[in-house]
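Input: structures, listed below.
Presented sequentially are two complexes of chain A, the first with chain B as partner and the second with chain C.
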Partner chain A sequence: MAMIDEPLYPIAILIDELKNEDIQLRLNSIRRLSTIARALGEERTRKELIPFLSENNDDDDEVLLAMAEELGVFIPYVGGVEYAHVLLPPLETLCTVEETCVRDKAVESLCRIGVQMKENYLVDWFVPLVKRLAAGEWFTARVSSCGLFHIAYPSAPDQLKAELRSIYSQLCQDDMPMVRRAAASNLGKFAATVEQSYLKAEIMSIFDDLTQDDQDSVRLLAVESCAALGKLLEPLDCVAHILPVIVNFSQDKSWRVRYMVANQLYELCEAVGPEPTRVDLVPAYVRLLRDNEAEVRIAAAGKVTKFCRILGPQLPIQHILPCVKELSSDSSQHVRSALASVIMGMAPVLGKDATIDQLLPIFLSLLKDEFPDVRLNIISKLDQVNQVIGIDLLSQSLLPAIVELAEDRHWRVRLAIIEYIPLLASQLGVGFFDDKLGTLCMQWLEDKVFSIRDAAANNLKRLAEEFGPEWAMQHIIPQVLDKISNPHYLYRMTILQAISLLAPVLGVDITCQKLLPVVIASSKDRVPNIKFNVAKVLQSLVPILDQSVVENTIRPCLIELSEDPDVDVRYFANQALQASDQVMMSS
Partner chain B sequence: MNWNGAEDAGLPAASLPPPPPLEWKFSQVFGERTAGEEVQEVDIISAIEFDKSGDHLATGDRGGRVVLFERADVRDRGSRRDLERQDYSISRHPEFRYKTEFQSHEPEFDYLKSLEIEEKINKIRWCQTANGALFLLSTNDKTIKLWKVHEKKVKRISKMNMDDSQAIGNGSIASSSANSPRAYLPNGGCSERPYNHLSSDFLFPPGGFPSLHLPVVVMCQETSLVARCRRIYAHAHDYHINSISNNSDGETFISADDLRINLWNLEISNQSFNIVDVKPANMEDLTEVITSAEFHPTHCNMLAYSSSKGSIRLIDLRQSALCDNHFKLFEEHEAPVPKSFFTEIIASISDIKFAKDGRHILSRDYMTLKLWDINMDSGPVATFQIHEYLRPKLCDLYENDSIFDKFECCLSGDGLRVATGSYNNLFRVFGCVPESTEATTLEASKNPMRRHVQNPARPARSLGSLTRVVRRGEATGVDANGNSYDFTTKLLHLAWHPTENSIACAAANSLYMYYA
Partner chain C sequence: MWKQFLSKLPRRSSKSDSACDSAHNHPGSNASPSGNSIQRASSGNAGPGRSTTVKRMSSAVFPSSVVAGIEPLLSFKDVPNAEKQNLVISKLNLCSAVFDFSDPNKNSAEKDMKRQTLLDLVYFFNSGTPRFTEPMISASCRMFAINLFRVFPPNYRTNSSSGGETEEEEPIFDPAWSHLQLVYELLLKFIASSSLDAKLGKKYIDHSFILRLLELFDSEDPRERDCLKTILHRIYGKFMVHRPFIRKAVSNIFYRFVFETDRHNGIAELLEVFGSVITGFALPLKEEHKIFLWKVLIPLHKPKSVGVYLQQLTYCVTQFMEKEPKLASSVIRGLLKYWPVTNSQKEVMFLSELEEVLEATNTVEFQKCMVPLFRRIGYCVNSSHFQVAERALFFWNNDHVISLVAQNRQAIVPLIFPALEKNSRSHWNQAVLNLTMNVRKMLSEMDEELFLACQRKLEEEEERREAVEEKRKMTWERLESAAAFQPVTGNTAVLVRPVMTPPMAATLT
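For the complex of A and B:
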């Protein structure tokens, strides 16, 4: 056994553990592969470590995944880009394993290395690798090859390019649907590297084949490349080749295909230009908005704003708005919810008049929706409408909706609306808030559910930050402090929590004058839980208060608590005392 | 792949004269019982499935085990693609040998519902082979698992940097490296490995350290088979899973329980989509449950499921996300015969199978096998009576619950014949080409033709021939308790080899294989 110098022990172990029985140790070693490489030096990394990794690839997926990832950034350790090709063999074998995430990572790493390799090296090493994978015996290799063409193609000489194109077209007709799917989903990337002349001839015929595939799952992915290809083609070619396909797809038998179209359609508008958009795409989109399948309507409704933004104000008012109106009373709550989450964005596109005439009634009906998600989605985007129609118009209908949500029987809904309150407050202004929402905020402090009380306390803090200490002194503090006399100790605890949150925002004076006395008084509470929470609150107050206050008020109270009969109270009181000692010492 | 010639015909190869009846011969038995041996409950086979190539066979049992068999007579394996192209024909019949077995499911207890979950394997389905490894799905009542079975080369590792005592005894290293200043890092807790102490300012010479070397891995010739559970698809079924079926797209599968069918992606085990839900708002309105479900062999959007009322529904996943509306319904419009108490019970379909061409569906109910053409929903194209002699005995069968036995059915790879099991360890093979009179009864034993009855009349059979079967059964003295019907020896599970005339069937704990 070779003698290892002592400082090298850690590395020696790291190397040995590449082959340890324990997967965690192997994983650890692989993650530190760069350290091993540096210890071996560039030459031995190339000649020993990389071949070693190529041969030892029957490991657990986690280890392989880590290996695939490490190798992607390994160029510096093998001696720079001139030697980058030595990294290809281990990644090539990783491209063939059956675990998808490992393959994907290996492909990603190969691409990362490929873009750095010099042209002639790509031709000598990378292109043959792609060809080998594409001719692989198992579908796993062929699937991986599809994601590598866009790296290999640009640097290849013409003849090789022709070969690569024909290989890709074969992959699109592979027996295995998995391979055709991979080819379909990578087509856009590959097409982007192919010359314009071949694009129209060869790539488009590949695309045509994919769009007519028997397997739904393949056609589905062909839709995805529609938008990508459309952007590559000249507008005229796009109109000639892509437009008919997408219009066809928008009426496909399969709802999943139509769903994909609904998601992608807006991306094509720019590629085909305004006239075809008006003549073909808008009617197709309108059909999708009225689709039989709720899933398709959900996708279409979710894109309504993006689509309208491209069209400008006129077309949407004519064609899209009537559909939007229908969707706002759709039978599926998920459709309404999707619509509610984007519809606010239409206001700036349509302008003030159209918004007030057409959109506002839709907002209002969605605000009264029976399904809380729909209402929440509207409220969360209020700022966008606010800018267009102003708050007065909105507030009349907004308030009832908020009140209803605030009292919803599902606590998660109440929680969601609480989280929007600070945003609403900033949008609606102090005046509106005082009148309508103030009481609600106080009401939540006495909710039955802890999470709501907790959120309510936090909400008060954020409101105080928004409107400033003076406003808080008037509108929050008196009400909050009143509630400390609540007969139920859990509610009193919420108030203590609120005090500890508010104190840093309100500043020293208010804290000393108003808040601290209440806390000190609570230290005499009959419930131990309150008492040790007092200790915790006092601890949090120490850093923000004057030393004299700490000495004269807080410490005596804590000392008293530290002699409490209850063990927990004593514990937290002592904790607080220690903390205050430290603060004193450091100041 | 090669077999879709009958696509246009109403029935498989309708224009051709029916092929001659097959002469079945015994091939093999695994786990044969010796006389008087008691069958252990856990050993009873509960699922059988050939893989797509027919080179492998899997069985599952009530003890939660999966046993794999591989073809022993396989010609020299070329590459997979060569095999696909090759139109091989071999004279020898398929022979299988034991390959491996593994424990797929363990008994569990659902504490929330106070329910015991049996480990019994309900179904096995093979997935796409990749990189020489076998993949299969197995399910019990609640949980589906994806298994990978592959050969692993045995490796020996030698020439470590540290000798064994050092490499293993981490403590000794920790103590020896305690001399180095790096060991005093404040975060160096006891759980930290020593190399974590290697600080970033450690200097590596440009040529590396020559004293370090990589471990040497020596591949041994011997290999070991390893079965690993790759995914667990759980918590998606409130009722018992009765079927799983792979999709032809190679990435999804369905699982069906009494009231729902869920769609999974093989790679995603934490979510599934409910695609069929027959649960009524009020469970008291429940009249019909799902009994079996299967994907179409080539159209990835189509699947069929059968119900306890004797109907088969074909649904198209393209139509909508939740496929509560079938696009085709296959039901037999019943002849006006007097209905009895048992009519509905025996109408319940226990199993359906698509023919390889995707054009036909075979269904099994308690008394019959029915072959349906998916282009004809007015009634089955053929009906085969399995054990008509039991009809007068339905009352007894109801009393001892046998009437609820779930018999499986299967089709030959060429679609010319169908088979299903019965009682007394019998199974029956029928020719399903028009004009075919083939109707063979075999016994799952080493002498399958012992009870062989050629039955020329179809579908109406003379009662004589059927009673003869029974009498012969008596004569052979199979029934120890003096009953002429032995309802405990039932042949529920069987599978037809995908390319050859070979049947594997389960009689209790024994796996019998026949060829013709």
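For the complex of A and C:
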């Protein structure tokens, strides 16, 4: 190529590439902006590249998104934090585009840059930017501005602070609900930077306005900031200002609002202190647990453990447990499922006696639930209850539940229960496991669904890790190796997979004596897929076996396979041979 | 300008207070001429024991009771004319009790009574009454609000199913429809009635009322949305003062749908109303309306459920273009901006809309956007989804499109030729192959010289392609090494390699 001597014009290259009709090329060049910047040097990056980017923002949203992201980490290329402010103009423009993803990314990058900027630069450059966006003509700019106040505010002098607060308050009353929503959802972040005195005087009145907004969607976001604000205020103020609001919200006519409250309520308990919790929050929570709308009960049920953990043992036994009992036979399976996924966590909170008296019957009824998810959720958290009352009390009901799930007609349910087998094994102990669950584990190796067979092989490995090689030799290996004579090649493949997983756990001796012969024998299989899988397994065994074994057993077998009539078998055999060469050389 | 315009509008719900006041003051004076005002303190829940059946009363902006003083169950024909107004109010108050329909056996007697009363009212509204008095309007609006403005239950459907038209969803029907239907009928009669004076009515059909009516468009029940559509249309027609507000509020619904939630059940219905609103725009179009086209209608092409409302959307867009042909190129550019690249089903729909838009595009506008347009059509012609390729090739069945292409062939044929060539060499689908050959033939007959030139150019380009690729690689490599050897200035000493998260300390030296 003759152009080696041509001088390089990095900007020209970029401009050229950004003109290309292929979006992939444009994206690639934006992704390599830092290269161009380094080639240009800091000064020319500031004076040429960044202004060019500020103007070139008419591209596809995908390209703009990439640009917004790159600029967020661009400070070093413009000469460090001293010059960080030159990056603001292109990002400011990106804050105003239509596409939400691009705007969000631009705001994120601005925040990232803002936290690094020095105070006086923030005041000179960042604050004016926020003010400009907040006064933007189109709502996109105003929406973006809401996410920047918490960066701009702390470094501003008092007068500017007052101005920023009043601008934020205006945004909360904006004509467009989009802007009010953005302001509501960023209120918590902004409030965290505002001084206590203004918090009470100004932020709380903004908050009050938002909580009375006529748009459902705005009030919804105001609920979100309840917890955040509550944590910022002194307990007394929190009781005075936040508590009435949240109690009110918990009876809102919109179920979405109540749903939000149900999700958040526990976070306020600490902020308001024990007495108001008992008097106001617990009754509100109980109401939500008994809400008409299943969606709200799902949210409330999902938080029952977190709530009880804060309350201590007494209040839950009195007030919450009766509701929990009701929920365990709720008409909605999703409510029961949400409850089942957290209820085990209540055992440590309530202590042994209450757990046995009150929770155990609920566990048992959930374990017999007609909906598999509910049963699964109980089983998945078994360890939590085991610590409190021991597993014996449950094991009677547990086994039928497990067996039923193990044979469920939905493979995803079977898969889920396999995932929990090692946990169950460790909780139930070897004895119980051998008697009841061992056969199940073998059965799964011959499941009709690949994912189940795959998980079954992996499960054997985890069991071997849990109970040790000797146990495995007795209880797993013979059965597994038997299955290598299965007439269907897919099942034989599963066994090979299991062998390759078990070998590292069981150690050199067992592998050489028991496993390797089976693998070698399979190299004579009539199905090519088995043969190339033999090659793959042998390759995985090379690093863990002695060199002599590799030399005398594995390599001859691989060499034979490398002359197989099937092209794939030859390919994988050669791969394995090469890999074994490398291992030999390095050792 | 748009913003200024909006800021002049009164803010939300500021009307409700005045509505309350007036309603409290007037009833007495209006009711007295009837001479027969039995002072009975009957409230909204007239019958005995009915208060327990009221499930939820909307926190209405309307006064909680308008004293009518007459037994609501009387029939209209049994009372003298002078008494009729009070009877209406009394019946309206009775209908302000809302029943729980989740259990069909609960309160069935009361439900029947309410239904009968609603039918009475419909009959009365139909029979051409004298002008509605203010207490009547107030009581009506209150009844509408209490019955209609409710929060919809959660949607238990899977979120994935908002795709195209092929997955026909079973519509969900509101169990309370037997009452709702009559209330909607009444509302429609009420709004449309010549007895309703718009000046008086707008005190009650205020911003807050309209806003909440618009929220109902998200209903799962198609019957409800259909009623709402007609009613909104009538309100827009009758209350001139509310027109800007309605346009703004509906825009807000669209914005939220496009930019935030991606879910709304009533977009098609709202667009249908807007179709006739746009038809009524005066010429020349106001800037505000053009902004609606660019900032609302065009982005509405983005959501993945566009198939559900595309027909209505296309109608709105073409209405704009009929009013103002100069908008064509910006519409086409908008479509290209939101072009679906991974959803073939949507792509076929876009191509159909594009063809419709092109039908209404003149040469001048066409020339402003033909290059990116035909680049996109070229990609579609090459699509491996045969329906997309087919749909794109069908453009050459359209006489208007052909004439536009013929006039601008020097620009278009070079863009489209490589795509046709690629298809004829390697497209898998026979139908696409045949269509491609037809178009090729048509283009070569249109201008053989140009066609041959394109062929030569393509061959040259193919020869050069590898070299261009190689050159690009080299350029970037050189750039990379130039970047690595760039003299290191004090501040960025650590930046020999690209750094993802710059260490802050690096710049403090």
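Note that in this section the second predicted complex is superposed on the first by the 457 of 587 C-alpha atoms of A that agree within 3 Å, B and C clash if a C-alpha of one lies under 4 Å from a C-alpha of the other, contacts with A are read in each partner's own complex, and residues count from 1 in each chain.
Following the convention adopted for this analysis, a contact is a pair of C-beta atoms (placed from the backbone, for glycine too) under 8 Å apart; a residue touches a chain by one contact, two chains touch by 3 or more.
This is a predicted model, so every value here is computed, not measured.
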item	value
Touching partner for A:Gln474 - first (chain B), second (chain C), both, neither	neither
Greater chain A contact set [chain C / chain B]	B
Contacts of A:Gly80 with chain B and chain C, given as first, second, both or neither	second
Contacts of A:Lys19 with chain B and chain C, given as first, second, both or neither	first
Touched partner set for A:Asn56, first chain B, second chain C, both or neither	first
Touched partner set for A:Val97, first chain B, second chain C, both or neither	first
Touching partner for A:Arg44 - first (chain B), second (chain C), both, neither	first
Which of chain B and chain C A:Ser254 touches, first, second, both or neither	both
Which superposed partner A:Thr439 touches (first chain B, second chain C, both, neither)	neither
Touching partner for A:Ile11 - first (chain B), second (chain C), both, neither	first
Residues of chain A at both interfaces, chain B in one complex, chain C in the other	1, 3-4, 8, 10, 13, 25, 32, 35, 38-39, 41-42, 98, 100, 137-139, 175-178, 181, 214, 216-217, 253-256, 293-295
Interfacial residue positions of chain A with respect to chain B in the complex	1-16, 18-19, 25, 28, 32, 35, 38-45, 48-49, 52, 55-56, 58, 96-98, 100, 137-140, 175-178, 181, 214-217, 252-257, 292-295
Of chain B, residues touching chain A in the complex	79-81, 84, 128, 130-133, 135, 148, 152-153, 157, 160-163, 167, 173, 176-177, 179-180, 193-198, 202, 204-209, 211-215, 217, 248-251, 267, 298-301, 317-321
Footprint of chain A on chain C - complex, ascending	2-3, 6-7, 11-13, 56, 58-59, 151, 153-154, 208, 211, 215, 252, 255-256, 259-260, 295, 299, 337, 375, 470-472, 474-476, 478-480, 482-484, 486-487, 489, 491-492, 494-495, 498-502, 504, 506-507
Complex contact set, residues of chain A against chain C	1, 3-4, 8, 10, 13, 17, 21, 25, 32, 34-39, 41-42, 60, 73, 75-77, 79-82, 98, 100, 116, 137-139, 175-178, 181, 214, 216-217, 253-256, 293-295
